[in-house]
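Pasting a structure here, questions to come.
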Amino acid sequence: MPLRSVDDYVRSLRDGRTVFFRGARVPDVTTHPVMSVAVRHASIDYRLAEDARHRDLCVVRDADGEYSRYYQIPRSPDDLLKRSALIELATAEGGTLVVLIKEIGTDAIAGLLRVSSAVDATHGTKYSARVKAFHAHCRDNDLAVAVAQTDVKGDRSLGPAAQADPDLYVHVVDRRPDGIVVRGAKAHTSVSTNANELIVLPTRALSEADRDYAVSFAIPIDTPGLVLLASAYDSTALRGSEAEHPISARHKMMETTTVFNDVFVPWERVFLAGEHEFAGPVALAFVEHHRFTAISYKLPLVDALVGSAMMMAEVNGIARAGHVRDKLAHLISYAETLRGLTRYAAIAGKVREAGVAVPDTLYVNMAKYHFAHGYHEAVRNVQDIAGGAIVTGPGAEDLENPETARYYEKYYVGRGTSGRDRLKALAFVRNLVASEFAAYQEVLAVHAEGSLEAEKQMVVRSYDGKAAVALVKRMAGLST
Amino acid sequence: MPLRSVDDYVRSLRDGRTVFFRGARVPDVTTHPVMSVAVRHASIDYRLAEDARHRDLCVVRDADGEYSRYYQIPRSPDDLLKRSALIELATAEGGTLVVLIKEIGTDAIAGLLRVSSAVDATHGTKYSARVKAFHAHCRDNDLAVAVAQTDVKGDRSLGPAAQADPDLYVHVVDRRPDGIVVRGAKAHTSVSTNANELIVLPTRALSEADRDYAVSFAIPIDTPGLVLLASAYDSTALRGSEAEHPISARHKMMETTTVFNDVFVPWERVFLAGEHEFAGPVALAFVEHHRFTAISYKLPLVDALVGSAMMMAEVNGIARAGHVRDKLAHLISYAETLRGLTRYAAIAGKVREAGVAVPDTLYVNMAKYHFAHGYHEAVRNVQDIAGGAIVTGPGAEDLENPETARYYEKYYVGRGTSGRDRLKALAFVRNLVASEFAAYQEVLAVHAEGSLEAEKQMVVRSYDGKAAVALVKRMAGLST
Amino acid sequence: MPLRSVDDYVRSLRDGRTVFFRGARVPDVTTHPVMSVAVRHASIDYRLAEDARHRDLCVVRDADGEYSRYYQIPRSPDDLLKRSALIELATAEGGTLVVLIKEIGTDAIAGLLRVSSAVDATHGTKYSARVKAFHAHCRDNDLAVAVAQTDVKGDRSLGPAAQADPDLYVHVVDRRPDGIVVRGAKAHTSVSTNANELIVLPTRALSEADRDYAVSFAIPIDTPGLVLLASAYDSTALRGSEAEHPISARHKMMETTTVFNDVFVPWERVFLAGEHEFAGPVALAFVEHHRFTAISYKLPLVDALVGSAMMMAEVNGIARAGHVRDKLAHLISYAETLRGLTRYAAIAGKVREAGVAVPDTLYVNMAKYHFAHGYHEAVRNVQDIAGGAIVTGPGAEDLENPETARYYEKYYVGRGTSGRDRLKALAFVRNLVASEFAAYQEVLAVHAEGSLEAEKQMVVRSYDGKAAVALVKRMAGLST
Amino acid sequence: MPLRSVDDYVRSLRDGRTVFFRGARVPDVTTHPVMSVAVRHASIDYRLAEDARHRDLCVVRDADGEYSRYYQIPRSPDDLLKRSALIELATAEGGTLVVLIKEIGTDAIAGLLRVSSAVDATHGTKYSARVKAFHAHCRDNDLAVAVAQTDVKGDRSLGPAAQADPDLYVHVVDRRPDGIVVRGAKAHTSVSTNANELIVLPTRALSEADRDYAVSFAIPIDTPGLVLLASAYDSTALRGSEAEHPISARHKMMETTTVFNDVFVPWERVFLAGEHEFAGPVALAFVEHHRFTAISYKLPLVDALVGSAMMMAEVNGIARAGHVRDKLAHLISYAETLRGLTRYAAIAGKVREAGVAVPDTLYVNMAKYHFAHGYHEAVRNVQDIAGGAIVTGPGAEDLENPETARYYEKYYVGRGTSGRDRLKALAFVRNLVASEFAAYQEVLAVHAEGSLEAEKQMVVRSYDGKAAVALVKRMAGLST
């Protein structure tokens, strides 16, 4: 089957899916004033594949036919570098916002591919073949795929089975000859309102008592009982023109609280169901790929921070001030250390289970931590250089009414810049570092693809501590 | 004259002032959907003075009669501590947002009082008496006062007179027998739309060539030629219920680009006009008081960060996690170091020119820098503990429609907390650390009352370096 | 009894105490080439008390006669401020090194005074009277007192009773009619080799199983069975002239591993023996006083860092460079934040058990953490400004031999400074930030008077979290 | 000519060179108690080349014969990776201390090769051929080479020609038919006392007025007039056994103040003499290579920090404590970010002037800054985990005398570790992070191979700012 066009994609979303936004059922996500922004943003993926300049990067042709590179299972460091470059390209097109409709799904597929054969070997199951079939289905139909992992969790000091309400983690409530029935809810599922399929993964390591929570599967978004409660956060498109929100009026990612009301899943779409000792490995394998996606898609964002600071330093006439150069040096190091570590993580990647190339876990997690830990400081430096006017400037209408526009044109003139252009630059920087969209990016930095603590834990676990201790023992003259 | 009531204050703002918002002239700021939020917020000052519990702190009775404590010129460390406590109280009432309608004006008056006698002594002017008369006028009429200091500046690498357009700094364009005529624009003037008077101060040290820019004065807000262009930023009241924006739907500070279209100022309201060598001292003296106001009013904000983190750690069930306690320790130290330095700056204050008690400049600037430098990291820690749900949660309508509300009630339950209460807590924390209001607070941290660089410069200048060098020379056996 | 002279003090140390240094028994600590440096350093305390300029600060005269202010039990914030000032003065005389021979002992006495009455009330013991008698003995005889608290601990993941060897924490091995017998060892006991008395305190909270480890007492240093194993670290005096080590050739603090070989302690010197639930409170009460001592005595050290940086910036001709001013701003803020928090901790102190004034625990711990956490960065900034020559410069003999001295005099000339003076300045700075003494200060910053973690824990515990949560709940409209 | 043996090397240093140590002329550096430690340390280079396990890495065989890999001019990223690996290996053998006797010289040669052809093209000089001849001489004779770059500088706010004494920067005082005569002094020249040749480079960009200071050349160490004044710093070998200083008793780098008393240099050894506009480029080209050497040789040091922290966490029984794991995560990220950036800098290297492969300047400088900026914090974390005993423990003799040894053996037992082994571990860690050697490493981190500021400047300069600004202008809808 050929790659889908933007129109194919948009049409495929009109399927009766159950989506709510601000308390109202959404009849068509492709025409809804807020949700359609997310659809248009997601279309970038299909548009780029049709662009001759990017075709080589976006599309692969091999024994399985011609298909989106996202669906190529990475087999080498070079595959990882290309995948990273593709994610970076799409996110730059997305105005610093990741597209994600193929990135996250293929991360989940890679993780499931790696673990399922071990599950099969231990339990005599047939998960591996099902994962491969699902992969082929998505690849061949050029689908958009969301992933629901994080459970709503209730009291986080307790495990799934110990919660007052057993539904606070998604779990199997019935096993039937033809499939399973699941109940519960997952929090902040990205791109679900404009995906075709939804992959569900367990959150974490589980004990024997939690075996019903060890469940993984994939279902179409219009599956009965699947309810998507869309987040109301940053509904920019409703309220502002592109003049005020040059990024978020055109680019949006929707999250949902994803409710499973006794949803039936046929066995051919079940990838784990009760093998509790593999819940942790599945969760982890997904994350090993997904954090690499994360560090790849953060690159245009950090580049935009550096570029914004440089642009504003210039128009404000402060590019030569010592403290400004110091902040630029800091921003550049912040951005390029992320790039260097991301590239090196790919280069140092290894082929592991099921022949899947996995980026180096230590470097991926260091890169992700570096990004997440330093993001707010980078934002502060950009705000600092941009000036207070990013939060005290005019609205779009002020520049339309000549009575007010003439003041703004006269008084917002900068170094080698007209008042209008400086205000345009300010509007962009405001949207990037001082808006709801900006706050969203801050929170994503801290929470998306795993928290700061999760990354630190992985750094310690994936480090070769024995070699380091052996080195110092040898130097110290101690037997090792 | 007695203290004004809230109604007196609100009525006083209906005076024909020239205010624009989003390209449209605002006929009455007290009824405008956005601007009235700022008016109601500012009313806190008048309401508190009528509250028996706070009367002693808010009101002073002495030889000048009964008047708002803000108008009391501080004469001792104890006066400074009381002023600080009053500012802290009002800001806590303001939901972490400073009220400012008397704070900033009295900071300017204190600064002008201190410098004007020196100007008079040097130039034979009568500024000191005028400042005193203006002070009595504001005090006796219990007025709300804004201060315009920061010029729009154009190319910041050039001084006022060197700009392409001479109006990029406010300056005297005519001197008449009865007064002066001024032209130019000041950026981000706070509370001007709901003040009664506007004090204008020069921005910085000026040279002989810039003497027309060495100008300070006060005018009523309805003065002809004075145009207030209100910022469109964070117009929350227009779009959200209090449920979604528990802070910013009720509390707002308006900034304006403040344009002086050949505004006439009578001599009795002129406090500096051409004595360029005093422009720097006036700017500095104001800041010495105003940064103390700043560190006082930041205390409820940093307390709210700590309280939010503790509340969310509890409802999320993570209060005992090691990394959470670590972040709490960091947040507490951040908040309480600010409090300790603020208090100590008052205690170490000294009576200086014109008998005005001035908080210790070194400690004030260290406190301000400590606050500003660490703010984003504190925000990150709160976002971290609060969880990703602060940006992926429901809108107000989702909790009104039973069809969606039941999901949210079921799935957002926390440790010892109902789903509704947890969402209410999340909404508050979102407004505090992940909203346009939150971004506004970030930018204010960096820019308001002077930048990080300005504070560092003052730290170096106000430190007794000779004593420190003498100490080490003595220890090193070097002659000092 | 009158205050002791320096000679009285030195003589009192010749008492047959059991001290080892580098494997050899030390017959007389007052004449030993290394240990005598510590004795001379400690004498500062007695010398200052005789100095008319400092008499008022150093000596108190009241109903108990005339005695060293260290022995005054603080009863008010003002007493705490004076005690802090005295400690600061003595440490400045000590070339940034604390004298400690009365500071630490009186911290322990204050802690024991506060807890012992509670022990007595619970257990019907007579500890309180014994502590008072011991206090009077030390005060009236103007004694030097060391405190041994930290046990050697073995495997720190295990409690005292769970260790392979029961002696890894000091414990009671026999209870006799006339007293107790104790065994074990304490690590890094400061000033013990030149003290008259040694107070022993338990390390931490103990369980019922650990009751024999809940022991506190005081003994003279020459008590049979008490063995002091002096540290070999930084034996500067043996190897360098004052020219190379202007600080450490004259100032030294000795630590010992303090071994208790079945030491007998008469009952009148026992302050805790088995009341395990009070071990934690005793340890904590000591620390509440001792960390205040710590932040007081760190002030001359941080002042010296600032002074060194300023002096070197000047002689190197880089005082006007932007990055140098930035580092100075950082160093000043580091030093003065410590001073402000220390002073404010005293001012906010409260009178607590047994009428003892206790500095505010939250501020003390924040100050201590601020100091400890930032010390290495401050050192880096001083090293940076001083230049690489602090580790590549000449030895003392190079300046004595004219053949080499002429090169150094010619080539080490600085801005407004001769080569000799610049080398003298470099030698001081080297000793302060790039020598064994400097490394010792780094390690002390991290470990002395409690670790960074201990301080963070106390910050969280001593903070009024309820008030902060109530504030945000009120703002959020949640019932508290 | 074959590679030299260790003996060949040692013998070659007995040539009558003029070296002073502590005011005395050193007749033979290979037998001097301090200087011979540096000689033995340097011998590592020759010993490794003879070791079959490392032969492939250490030795190259090509058209120029068989020679040390250091002398291979890098022509590709792979050559850079191998050079980096070799430097890492040698430094690990050196107990964290770089060997440097070929590293720095070949960095200078690479820099000179790259710039000299441009000088020749501009000025018609023959420098390029001379540099090549000198390179062949060093390579074919397997020589040890030092580099003197940093001038003593006097008042750093003034340029060379503006100093009170014209000799504060090395300069040409005479030009003769057969060569030039130079005078002045260079500060902290590493490995000069045990090198065969000395390359001299200018420090920085120079103006027309400074043309006599634009001088570069190479001379044998025994050249008349060349005086090496060795640093007295950390003369460990004289005073301590290997038991106390397991690193610095065996490994040492000597620095000298290097004086040129009217030294004659024949023209064939002159590489720059008056072409002032090339002084900056030569200085810079050297640094582009030398900072890559630096980040390569820091790897064993940062590995040793991580290994030390892990080893001590284990023996202290605290490896499972949350804060310890947090510090380990930080240390690992610190070390491995350096490694990742170093490797990526090589991989991203480009072939530039004269066909020399140059590591990516941006990544090299970011890596160097990352290392230098974070070093002190890393040291603090190791000190923290190691415990206070690193500065309060025994001397070597304490473990030789059974009377004291039995106490230490009993009381320093750790988790799964005897007292002796724990003390051995502590001794190593003390030497690494709390000794004069440790302080030396701190100062080197800040100053060697360029300061923190120099690295930040290079980060800004080598970044492609235009691309970043173009990206945001495109996103903002501004014409670029």
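Note that the chains take the letters A, B, C and D in the order they are written out, and that residue 1 is the start of every chain.
Basically, a contact is a pair of C-beta atoms (placed from the backbone, for glycine too) under 8 Å apart; a residue touches a chain by one contact, two chains touch by 3 or more.
Predicted, not measured: the structure shown is a model, and the values here were computed from it.
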Check: Among the chain pairs A-B, B-D or A-C, which one reproduces the interface of C-D, with more than half of its contact pairs identical by residue number?
Finding: A-B
Item checked: More contacts between chains, A-D or A-B -> A-B
Checklist line | Distance from chain B to chain A - Cα centre to Cα centre, in angstrom | finding: 38
Notebook entry, point to check: Counting in whole Å, what is the centre-to-centre distance of chain A and chain D, each centre being its mean C-alpha position?
Noted result: 43
Item checked: Per-residue multi-chain contacts in chain D, two or more chains -> 323, 326
Check: Quick one: in the complex, what on chain C touches chain D?
Finding: 20-24, 150, 152, 154-158, 164-165, 167-168, 185, 187-188, 227, 229, 231-235, 239, 244, 255-257, 259, 316-318, 320, 323, 375-377, 379-380, 383-384, 387-401, 403-405, 407-408, 410-416, 430, 433-436, 438-440, 442-444, 446-448, 451-453
Checklist line | Complex contacts: residues of chain D adjacent to chain B | finding: 322-323, 326
Note to self: List the residues on chain B that touch chain C in their complex, please.
What the structure shows: 92, 95-96, 246-247, 300, 303-304, 306-308, 310-311, 314, 325-326, 328-329, 332-333, 336-337, 340-341, 343-345, 347-348, 362-363, 366, 369-370, 421, 424-425, 427-428, 456-457, 459-460, 463, 465, 468-473, 475-478
